[in-house]
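These are the structures, in structure tokens.
In the two assemblies presented below, chain A is common to both, partnered first by chain B and then by chain C.
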Partner chain A sequence: MLIHLIILIPLAGALISLLAGKNNQSLSKNIALLGSLISLVVFIYAAIQHQAGNTELLSLNKPWLPEMNLALKFSVDGISLLLIALSQVLIPLIILSTSKIEYHKSHLLYALILVTQSALVGVFSAKDIFLFYFFFEAALVPAYFIALNWGNKESSKASFKMFIYTIFGSLIMLVALVFLYSKGQTADMDALISTAEFMPSGVQRALFWAFLLAFAIKMPLFPMHTWQPDAYTTSPTPATMLLSGLLSKMGVYGLIRIALPLSPWAAEHYSVIVIGMAVIGLIYGSIIAIKQDSIKRLIAYSSFAHMGLMAAGVFSGNIEGLQGAVFQMLAHGVNAVGLFFVAKIIFERTGSRSLSSLGGLNKTAPALSIFFMIILLGSVALPLTNGFVGEFLMLKGLFEKHQLLGIIAGLSIILGAVYMLRLFQKTMFGESNELTESVEDVSGIEKLTLAIISGLVILMGVFPNVLLKVSEPASEALLNLLAKI
Partner chain B sequence: MYPIISLSVTGLLTLFLGFSENKKIVFPASIAFLLIALATAFIDWNAPGFYFNDMLQVNNTSIVFWAILIISAILIMGFSEGFERFEFAQPAEYFAIVQFSLVGAIMMVSFKNLIMLFLGIEILSVAMYVLTGADKRNIRGNEAALKYFLMGAFATGILLFGMAMFYGATGTFNIGSGVFIGGDNSFFLWIGCTFMLIGMLFKVAAAPFHLWTPDVYEGAPTIFTAYMSTIVKTAGFVALFKVLSTTFSGLQDFWWIMIAVLVTLSLMIGNIGAVSQNSFKRLMAYSSISHAGFMLLALLGDHENALGSIMFYSVVYTLATISAFGVLMVVSKERIEKGRVYEQNDLFKGLAQNNGFLATVLIIAMLSLAGIPLTGGFWGKFFVFRDAASSGLFWVIIMAVLMSAIAIYYYFKPVLLSMSKKTSLESITINPLAKFIFAITTFGTIVLGIFPWILRSLF
Partner chain C sequence: MSLIALIPLFPLIGFLINGLGYKKIPKAIVAPVGIGAALLSFITTVLVYFQFKADGQTIIQPLFDWITVGGLNISFAFQIDQLSIIMLFIITGVGTLIHLYSKGYMSHDEGYGKFFAYLNLFLFSMLLLVMGANYLIMFIGWEGVGLCSYLLIGFWNKRSDFGDAARKAFIMNRVGDLGFLIGIFLIIRQFGTLEYLSVFEQAQGLEMGNISIMFITFCLFIGAMGKSAQIPLFTWLPDAMAGPTPVSALIHAATMVTSGIYMVVRSNVLYTLSPDTLEFIAWIGTLTALLAASIALFQNDIKKVLAYSTVSQLGYMFIGLGVMAYTSGFFHVITHAFFKALLFLGAGSVIHAMSDEQDISKMGGLWSKIKITAATFLIGTIAISGLPPFAGFFSKDEILAHVFEHNKAMWALAMVGSFMTAFYMFRLFFLTFTGKFRGTKEQEDHLHESPSSMTIPLIVLAGLSIVGGFIGFPEIFHLPHALADFLSPLYDGSRAVNPEFGLVHLSHSTEWMLMGFSVLLAAVALGVAWFIYVKKETQPADPSQLGGIKKVLADKYYLDEAYQIAFVKPVEKASQFFYSTIDKKAIDRVVEGTGDLTSLLNRLSTKLQTGSTGFYILVMSIAVAAILILNMGTEIADQFFSIFNAQTK
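Let's turn to the complex of A and B:
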């Protein structure tokens, strides 16, 4: 019974950081870091035990609102385990990445980051649909307030747009959940699966589109993506990292955990349409990314393209596609945080995010450019980096499902290489100018953070099986469930 | 039963306290009187019974509502600071009227006989007409009071007419087992039911009987706006529930479509109307209309859960509303324009820079009103959605959900303004009592957001 500890430790950290770290950035940061690391250690212990067969540790079942049949029910399978691991690893990295700049009211910033962590663990482990919904929404609120409070006027507009969009989608999903609950008289996900199986096709269609709307906005999936580039570009970097690295994964996770099992017939029925939408988004995002001048906006569009491929993988309906999507969620989380961190470092030192005004950083900051290269290659999906495994598996799955769409989706790898290498060339190579001449290289905590991220990129690329094995039983179980229908 | 006696006596005492030389004593004495009333409410705990020739019914449910009403009154009156800032203030009168009005509210939540319901509604309403015009020299306040009085008097007439028809059809004023359509009386029963509902729905500001709301909310002194929007609404909804779930339960086929249409109207008018409001009090007035719509949703479901949902909703709504109006009161007294306190939305500009505590209170109140998880407001909405779902009314729920999305837009207007970097405010002074009340309302909102069963398990 450690799952509630993993949720509560960050919350406690948030509270302590809020109370003790007032007006003292380094103290509040250290408290927050400590809180997230303790949570990580507890999680690693529990995860090892879980893999050894002791599944009790990461599950909990307590009544919540007994007369309504709502329970505080948590349990994890392989997919959940990997995503919790992702959030546990990325949050300390995000906290580390904030070390260079002074934030006003920093204690509040760190408290909000930790609250997001708790909510994410909740989302990835909840087994009660309303508990899931509760955490799904709760994760957004702190991220929104980070964007609002530490951003500029533009970002408050963009993040407000994001907030309204996502809440709107979630509310539609809430209606669908309340409907299922009123039919099944239970809020337990596993029990509802058997209720959903026998829903008439018309009802399933409505449920599916309600679920898809919520998750497609969250990811975002074409054509519900219009909030994303602005929000990612204008938000302060910690908020962007949270949004792109972690919150977007809640959308894919929701597809796997809610949309597929709770409207199985419709999910199969509409899979080609959804894959079509995803592939359009994939190509569209990649092409727009090629033309971008702002580093952050370029990464934002690349992120949008990657999310499209993940949705396609999930809906391909075979083990390769699903496993690839799960793996790519982890890889993209790490890569997005790394890329946005590099963008932040470049901006802090040169004061510019515009590709046309940068160049020649590899001479003044060689270490930065090496780390950047590694993370970037991960994003381009070069073999032996983490991006390759996921994309390869997803494309293979997609080919099996629908050859034409698979071929089109395959183009995205080429396009991805084009915009990413252009990004690298325009920033790192070329002539130095007055902006980039006197840039100092990364050092200290920045170097450590980048080294950890680069290490993850390579390790995940070389030993993907370690992670794939964890999620394989869960993916197979889900596909077996869908195959029955 | 005991709080009715206690409040009537202490109300009179408060009036006499007004003659004393030391005006400062009235405020603490009134709070003490309210606390005494709160204590006497629990004398009847676990001792259900009937009073006044079976015209009042007391049981644990009604005692919970008494406590909610009296505690809300105490929290709101805590902001009055003894009305020292009011020009030409008569604090003793205000406090006395507040205590009398609570007598009316208590009768509304525990009546067994329609005469008691009528008396309760009238005692509460007349008190509210007076309090709306409490700021005598304010023309807007006078206008609001007159409007409220004229329209309210009309609604009362309709209510009374409905009761008379109901008496004609059934031969009794007692509510109890359901009445059924059939025979020669059905026409009068329909009229009785419709007119009584109209009279009561006017009091809770459900559309299309909402027209008084924005003007009255804006014109009344803020403290009494807060009072009106919480106490009247809670008592009014319990009264509606009592009538609909007992006597009129047999007529459900007749009134459910009426309520469903009113829900739709209230949600649309409330939420769409609020979008373009610049005055914070008008915004809250429209929000109050939309919350009336949400609470009506609970009445559409099965009656076993409805009272619990109404109770939960009114508590979270009361907490958030007290926070919001409290912040408005504290901040607006710092900015006087043309001799009047400034109550537009942009009053809150830069509040977070200036006073983080007040900004936090305001933000949490707005999140709760918008129904975002982690706050009690989410569960309030969830419970009423679930109730409506049990009757299969999904088109109403989808409507309500769309309107909730609109609601986020206008509830976030003050939030966004308060986070803005520029500020026109100077340092804001909060007295310790107000700080204490904010702590209670904000903490209560969060606790109910995470542990909703604390309240839900009461009944």
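Let's turn to the complex of A and C:
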């Protein structure tokens, strides 16, 4: 019975940070870091126990509103476990990455980051559809507030756009969930899933598109993506990291946990259409990234492109595609946080995010350029980095599902190299100029954070089986469920 | 841990030491670590060779399971057999010499430690490529060497055109890699595994001309076109000369670019099963050999000449593979590694002596000034021109004999290329080393022979370029073909699927005649070059002064420009269009429009409440009709989807 502790510890940390760390950035930061790390340690213990067969620790089933048949029900399988692990690892890194900038009302910032952590654990473990919905919504709120509080005029406009977009999707999902609840007289996910296959196709169709819309906006998928580049580009970096590294994964997770099992027939029926959309987004986003001048916007489009491939992997309906997508969620989370961190470091030191005004940084900041290169290689899916495993499996799965779309999706590995190497060349190579010639290399906490991220990029790429084995039974179970249709 | 795993481990450790300690480790330690890693790897290779030779059985060394999904398990395992052992000797042997050479060549460079770290990382990747026991480990190396090539071409990245050259190399290789990856997917689909032994064993049960094998071999060959610089993916290699010269020798001549040939020989069973792919390979090789040789005729940059020559020689190797003379193609890989590494290192020594001048129109008369470099360069030139008894003669002649048997027209074209090769190489030699000095006074005063760390590798490679061909005597000499005997077990599969495999129908007299003819041709080319550049002392023309066909050749048939127009520009245009028109105008307009629409609907809906019953009835009937029509619409759409879905299965 540790799942609620894992959710509550960050919340407690948030509270303490709010009360004790007022106007003291380093204190509030340390409290936040401690809170997230304690939660991480408890989780690691519980996860090891869970894998050893002691599944009690990470599950909870208490009545919530018994008269309405709602329960506080949490439990995890391998996929949940990995995504919780991702949140638990990335949140401390995101907190660490805030090192250099002085934020006003910093205690509030750290509290918001910790609230996100709690909410994410909730999303990835909730087994009651309304509980899931609650956490799904709650996770977004902090990022919105961070953008409002610490961003500029542009970012509040962008985050408002994001908010409208996602609220729109969420409301439609809510209608679908209420419908399911009223039909089944239960909000228990497992119970609903076990009866989902008997639902008439027309109902499934409607449910499927409702779910898809909500999750496609969150990821985002083409053509529901236009909030994303603006939000990622203009938001303060902690919010961008939360959005790209973690919140986008809720969309993919929702597809796996809700859309596929709750409308299985429709999911299979429309799979090629969804994959088609996803692949369009993949190529479209990659091509746009090629000409971007803003580092953040370039990474934002690259991130959007990668999400497309993940959706395609999920809908390929085979073990390679699904396992690849799960693995890629982890890899992409790590890499996106890493890339945005590098973008932040460059901006803090040069005052510029524009590729046309940068250059020559590998002379003045060699350590930064090495870390950047490693994370970038993960992002372009070089073998023995984390990006390769997911992309290889997803492309393989997609190729088996639909050969032509698989090959088209494969073009993204060429396009990815084009825009990423351009990003590297324009920042790191070339002659240094007045902006870049006196730049100080990374050191201390920054170096540590980058080293952890780079280490993850390589370790995950060399020993992917450690993670793949965790999610394999859950992926198999989902595919078996779909195979019954 | 076994000996085998140590071979790639040493360079990896060398890379980590010099990489992590970059700028902290003193120069005096950098080179010993870098060179030592390569040398230890070479020594281990020798030990492994004896271990392997003891019983001659293929050794599989599994380390751990790398990727396991569903029924597919890809192990991280190494395979030692005849093919990988020879590649190991080339990579670690030539590699060690080039590491040694770099000690002198790069001694004044501020990125000394970085350079050795990259070279070690390259060795590591290249070793994975040839040692892997399945296609995905090969793919690790395949992409890994691409990365190192990128890093080393862009080594002097202050110049933006060097950075561009690096990027071009990586991206063109990636185009090929996508083909390779699809080949891998097809292999998994066909065989359910990627392990060589299992794939080739299963393949032996298939019929010649099997269509899925044809697709597999074709896709894998796309990968080879990228890595081994064949038409249409070869234009990155000449640009890759932006990297330091030892890199050009090691990566862009002796090892990495031959990985395409390695891959085909490794997969020989599959290729033997697909005569169509082989025919395609042979023609791509022929065209590449001719095209690149013709471009080399009018280049004035010493490294560019050698680069086009490399592309052209790789073409010859593929011709050999394409006519199913796998051993001959691979033989040329070996001899080429010797003489091309020699020529590049020699060029480096010339550039070093000439204070970083690469233009041969500003050289001349260097023979007396840098004798060791000149003499060894001459040996390399003779070897590549195919004059006996140097290394290139044996391997190239063997390929040409097989081509003659396969297709006379192809043979004739290959002979034309061969003539051009001897011509441009001797043109290069004469313009550089004979005649009068054409450079500046400062350059002339500064002329000096390179330090011993650079000349020793030259001498060793010159020796190998002289005797390297003796591992494969032609049958008509009544001497053993040691290489063919050694490699023979590799082709058991090919022999099993094609009874014709390895049989030669040429009569001895034809073979003598062919040999005589090709030697004569090379000698004539030598004579012509001598007549033009020594006797008549013709100065190399400034490329901008050339006209007609010469200009087209000097400008590389405008292929780079064509690629710009065909691929780069359209993608950039699309990027602009997608971003500013579709994203910013179309989609965002719709999103903002929904907001406007809501308020519009609000205003309209107040107007709807007219109080007239007739109007309400009208609206109701329209609504009912709309529902019915929409319903039909969804049914039609469903029909459409089911057809679409059915087609995809």
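Just so we're on the same page, the second predicted complex is superposed on the first by the 485 of 485 C-alpha atoms of A that agree within 3 Å, B and C clash if a C-alpha of one lies under 4 Å from a C-alpha of the other, contacts with A are read in each partner's own complex, and residues count from 1 in each chain.
Just so it is clear, contacts are C-beta pairs under 8 Å (C-beta built on N, C-alpha and C of every residue); 3 or more make two chains touch, one makes a residue touch a chain.
None of the values given here were measured: they were computed from a predicted structure.
Undergrad: Name the contact category of A:A477: first (chain B only), second (chain C only), both, or neither.
TA: A:A477 contacts neither chain B nor chain C.
Undergrad: Who does A:V389 touch here: chain B (first), chain C (second), both, or neither?
TA: Touch partner of A:V389: chain C, not chain B.
Undergrad: With both complexes superposed on chain A, which partner does A:F160 reach: first (chain B), second (chain C), both or neither?
TA: After superposing on A, A:F160 lies in contact with chain B but is clear of chain C.
Undergrad: Which partner does A:I48 contact after superposing on A: first (chain B), second (chain C), both, neither?
TA: Touch status of A:I48: no partner.
Undergrad: With both complexes superposed on chain A, which partner does A:F429 reach: first (chain B), second (chain C), both or neither?
TA: Second partner only.
Undergrad: In this superposition, which partner touches a larger number of chain A residues, chain B or chain C?
TA: C
Undergrad: I'd like to check the shared interface: which positions of chain A are touched by both chain B and chain C across the two complexes?
TA: Touching chain B and chain C on chain A: no residues.
Undergrad: Quick one: which bits of chain B touch chain A in the complex? Just the residue numbers, please.
TA: 352, 356, 367, 372-374, 378, 382, 385-386, 389-390, 392, 394, 397-398, 401-402, 404-405, 408-409, 412, 416, 419-421, 452-453, 456-457
Undergrad: Within their complex, state which residues of chain A touch chain C.
TA: Counting only chain A, the residues touching chain C are 161, 165, 205, 223, 226, 229, 269-273, 284, 287-292, 318-320, 323-324, 360, 362-363, 366, 370, 377, 382-384, 389, 392-393, 395-396, 399-402, 406-407, 410-411, 413-415, 417-418, 421-422, 425, 428-431, 462-465, 468-469, 472.
Undergrad: Where on chain C does chain A make contact in their complex?
TA: Residues in contact with chain A: 19, 22-23, 64-70, 72, 136, 139-140, 143-144, 147, 150, 154, 157-158, 160, 163-164, 166-167, 170-171, 174-175, 177-178, 181-182, 185, 188-189, 571-572, 574-576, 578-579, 582-583, 587-588, 591, 634, 641, 644-645, 648.
Undergrad: For chain A, which residues are in contact with chain B within the complex?
TA: 64-68, 105, 130, 133-135, 137-138, 141, 148-149, 153, 156, 160, 163-164, 167-168, 171-172, 174-175, 178-179, 181-182
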